[in-house]
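Structure first, then comments.
Going in written order, the chains are labelled A, B, C, D and E, and every chain counts its residues from 1.
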């Protein structure tokens, strides 16, 4: 049963076609990876799904309903949550305050604070609750994005490069979080350039290049696809 | 028909003086992000300095600029160094309030020195007229019109296509990154701020002939300037001049063709209407 | 609602301070009572502005409209149509609320940037002033003189002096407590995310439009109510004071200098700066004209340079130090 | 070429770096490794002069530059490609590149240099007028690197250049780094990616909670047990 | 302060020394202090044992709410026994509740009305002062001097007094058979009034009438010069038409071109008026007090000092009620050396605590920058200059 469907979506910025008639679908409970060269249109795609960008053409449906034109905050209430690649920070709120606000989506004030603190702990930001997000290092900011996602009790999350810049050992915590969420039934769509991570987590991978889908399949299939190797991996894949 | 031409001429001339006032604020904002609420009082200061120079040395305002521009530039530099720079990194509104305090100081400093009577500074061109068919133009306005457009275009070119101009914008967008490029952030900020205030001395002199001045007029200038700067898109100097013209024409047409309060409302109505449909201001290219 | 709010409400310090304040009319002369009353008016106004300007970060310069409606409209209704001022207060508050909602909607609908919002609200404020000054019904440029305050509570009269002081004290306390309540409620969290980053706020489920409107309506209604009470205290409905953008600029000054977005910051700013201005004028008004304003300006600059985050954090640090020793 | 002696630095009185000693030889490619928050960026910023040291000194070609301004350091050829894509968002790609070459040594030949950079990054050449802020994450990273190359550096410091780039492009970037190195440029490479760095760098330092934990050649570092504890957090 | 020994009477003075109205008080205060000093030097208030008058000054920064606050301070903290000051109309309204509450007899120098039972004013009443005088003069021009006057445009400064006077004047002119064909309200914050003048020009009225502030006057006349517009008569007041500094503010060239052509200004004071006491006080202020600005403001304030003197002399005691009684019976008849303003019927307060005789004069300017009184007949030096 498909849970999230992107159908024939095109997005143009002036003369530039960032997404070109792209389509794929995600079943409930899946972890789908999206990869593609820089500027392929991955972030734009997330923007379209999460309601921040209106596509020039095409259709997006979620949980059986079209969601085009629905504002991002309402999508969050319906369980569709995204993280930002270029981290969006709040200038004058502590990390805990930010995550608490996210938790308020489904919880009353009292519970929200504890829930938020727990979320921070889970992604590995324990002890940094009262820091201002602006003074966090880039990687911590990305973990904070993940914590915000968790706190809203989502049914589906779109993660845009939350692992970039983490050392292998540091990816352990977020990977565990993602796996656990998935076990609880949360559908996950993630963009990542860190191959070991995506190969380990994703059940299926969609590859896009110049705004078009060029391949789709299990990690093993993708690794062997010559077009993907040419466009994306290059000769050796250990990065 | 005569009315229409005269209204248009009047609007354009007055509007260009509004634009002229706003250039300095655009420059100051462009580098420091400071919205200077003492802007109008600096214009007052420039005007009263001309008045002082006339009383003491019988200098024509157009000649006084030789003295007032450097002096105001220096004042601008000092204000930046001692008042604005210490506030870097603090809330935007705090800095605005600081300039508000400065406005009180300037306005009342002027009052203490010059008294509260409206005063006039004579100039050779002040009562000269230029008559084009049915339309009468005041020579001081024409001079201000020409100089302000020249200045706006000069600043526009400077900001777009010189290294100094690019540095100014870079410092505004990301001071840390600008420093990493080898831009002397501190120097660019002081220079630009000082220049922004220095230009006001020029604007003051150009507006002065025929305008009675009073120490309390500053806030009025600040408000008009703000409308124009925002309309023009903050740092686009050609846009700012255009903004000035629009406000000027709205004012002239409002006064001439409409009765009472509605006429006075005209510039504001036009402003709100434009801002709603072009929130980024009147800049040529829409910024992506 | 966070526990802190209930703690504040049941705190003996709060009630002690209020009680002590309520006794002031018995201790102060009429002039100093006036200064304190005036300070309370600005405490209430700055605190109400803080909800939208400080917490939600929407620097509105349109508050003179709400104050002006509260003051001028209720006076006009009383004088021209004989409508009881209590009812006038409600009518004005409703109209202010609707207007506030409209402005917030425009802000959202057209995605106004920071400065465009400031300037559009300023333009609205200027237009409001022009309309009032040009419209006979609202008193025109001459304003309106309310009937003598005989202390008839049912006619919205409090007997001047101490009566008005108590009214203002209540209003100021209400406005500050509304601030405390909001900051401890979900609304406070929503507003702060909106202030810092609207896009990111949306992404964590904050309905930006709804909460902007909520904040603006609360703020506008409070400002309007204070406006009505203020004009009753002044007795003279002066358009150049009550609906001029200058009053907003003063309010913003107090709120900012006190501590923006914090519950007690604006109150602190007003409590310190209003009496300072009044006393300076009283003491120096007869000296060189302008000197007292000049000094006031210097003090404002000095305070801002010394405590660029506002006075409140400074006080909090002192308070901590004092508590520890 | 560049020597750091006993450097201590931090923010608002809190020490992030403690007593760092690091040396870069002329023409060397040195790696700086370390976990998240170890203080790598802080160290690079101290070298650029945007973080003021609390103690210690920095020598460049024998001259003490500890007190010099960021601008003076750029003029001497110490150039940083910052992390986090600190591009100028409201300026076009072209203007961003021109600003990269604004220092007095680079300025005379920056037009030619720009041609070269655009050859390296054809994607940027296609979009010269696009505002940097609307570029994709990876494109901004390219621009940041290209901008750094405009500056005619003597010492180039790259802060996590591979961040957010596709595997193919990461390879490409490292090829460029190797080539610059081969041309004699001194390079300080900050990275999370242990293997990649060890493969390219001649020598490495590993930072652990603000202190140098390990230093030496690739094999020495790889095999040092402390690397595993410092870097992999085992 | 007069520091002489003996009893003193404290008089509070709330002036607008800073802010938008500073011009009035800054011109008037020195004259006021001069006369008070003179009174003290001549033996103080004789009926009160030669009490010296001590002035306690305050600045309301031109903001009415602050007038009220400063008055409260002067009364309750400084314990003044009498209050005076610029007190324009808005200030008067703001002051009203304070005066009523604290029962403080007050003399305003300029208010156009007096709403409190405790306040008297030397200002021109809007209705029987400004509006009546302008109307009477226009009617006199038409009926006695045979000017063609059928239509009028109301050209006035758009502020409180301007609007009030305009309301009364419009009615009176209509009643006198003049057709009002339009309004040109002058935006008091405008940089330039050319647009307003273009509007007037397009309406081509026979006469333009209204109350105009000094600053708007300068801009209006300048605009008239710019457009070289002389088809209408300009009849108005006060500061914007007759301030002595007007000529200087416009510059000689513009002044000559517009002030001496088809323009008549209302004023309560003119150096050329045939009033001996007025001539004397001008000479005294100029030669002995050495004031550099002697205009309406200075004269009005000097007059206020004399009124206060008489009130204090005549009052049975310094109690509020007695002072009020003394105010009611003030009488400075025409011909009295202490009558500085032009009042053919002398100076007395009416029931409404405004001047009984609210009238003023009309003057015209000569190319030599002097003024000639042309109205009323009692003071007129010359007939109005015919239309150019």
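The rule we apply is simple: contacts are C-beta pairs under 8 Å (C-beta built on N, C-alpha and C of every residue); 3 or more make two chains touch, one makes a residue touch a chain.
Not measured: the values here are computed from a predicted model.
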Minimum number of chain-to-chain touching steps separating chain C from chain E: 1
Interface ranked first by C-beta contact pairs: B-C
Euclidean distance of C-alpha centroids - chain A vs chain D, Å: 29
Averaged-CA centre spacing for the pair chain E and chain B, given as whole angstrom: 36
Euclidean distance of C-alpha centroids - chain A vs chain B, Å: 48
Chain centre separation in whole Å, for chain C relative to chain B (CA means): 31
Per-residue multi-chain contacts in chain E, two or more chains: 17-18, 22, 26, 158, 185
Contacts with 2+ other chains: residues of chain B: 108, 111, 115-116, 215, 260, 264, 288
Touching two or more other chains - residues of chain C: 133-134, 289-290, 293
Pairwise chain contacts under the document criterion: A-C, A-D, B-C, B-D, B-E, C-E
Residues on chain B engaged by chain C in the complex (per definition of touch): 35, 37, 83, 86-87, 90-94, 96-98, 100-105, 107-109, 111-112, 115-116, 215, 219, 223, 226-227, 230, 234, 260-261, 264-265, 268-269, 271-272, 275-277, 279-281
Touching residues on chain C, where the partner in the complex is chain E: 29-31, 34-35, 38, 133-134, 140-143, 145, 148-149, 160-161, 234-236, 238, 240-241, 278, 281-282, 285-286, 289-290, 292-293
Chain A-facing residues of chain D, complex: 11, 35-37, 41, 83-85, 123, 134-139, 141-142, 160, 162-172, 192-196, 231-234
Sites on chain C touched by chain B in the complex: 59, 106, 110-116, 118-120, 122-124, 126-127, 130-131, 133-135, 245-246, 249, 252-253, 256-257, 260, 288-291, 293-294, 296-301, 304-305, 308-310
Footprint of chain E on chain B - complex, ascending: 3, 6-7, 10-11, 14, 17, 108, 111, 115-120, 122, 126-127, 129, 136, 138, 207, 210-212, 214-216, 220, 251-252, 255-257, 259-260, 263-264
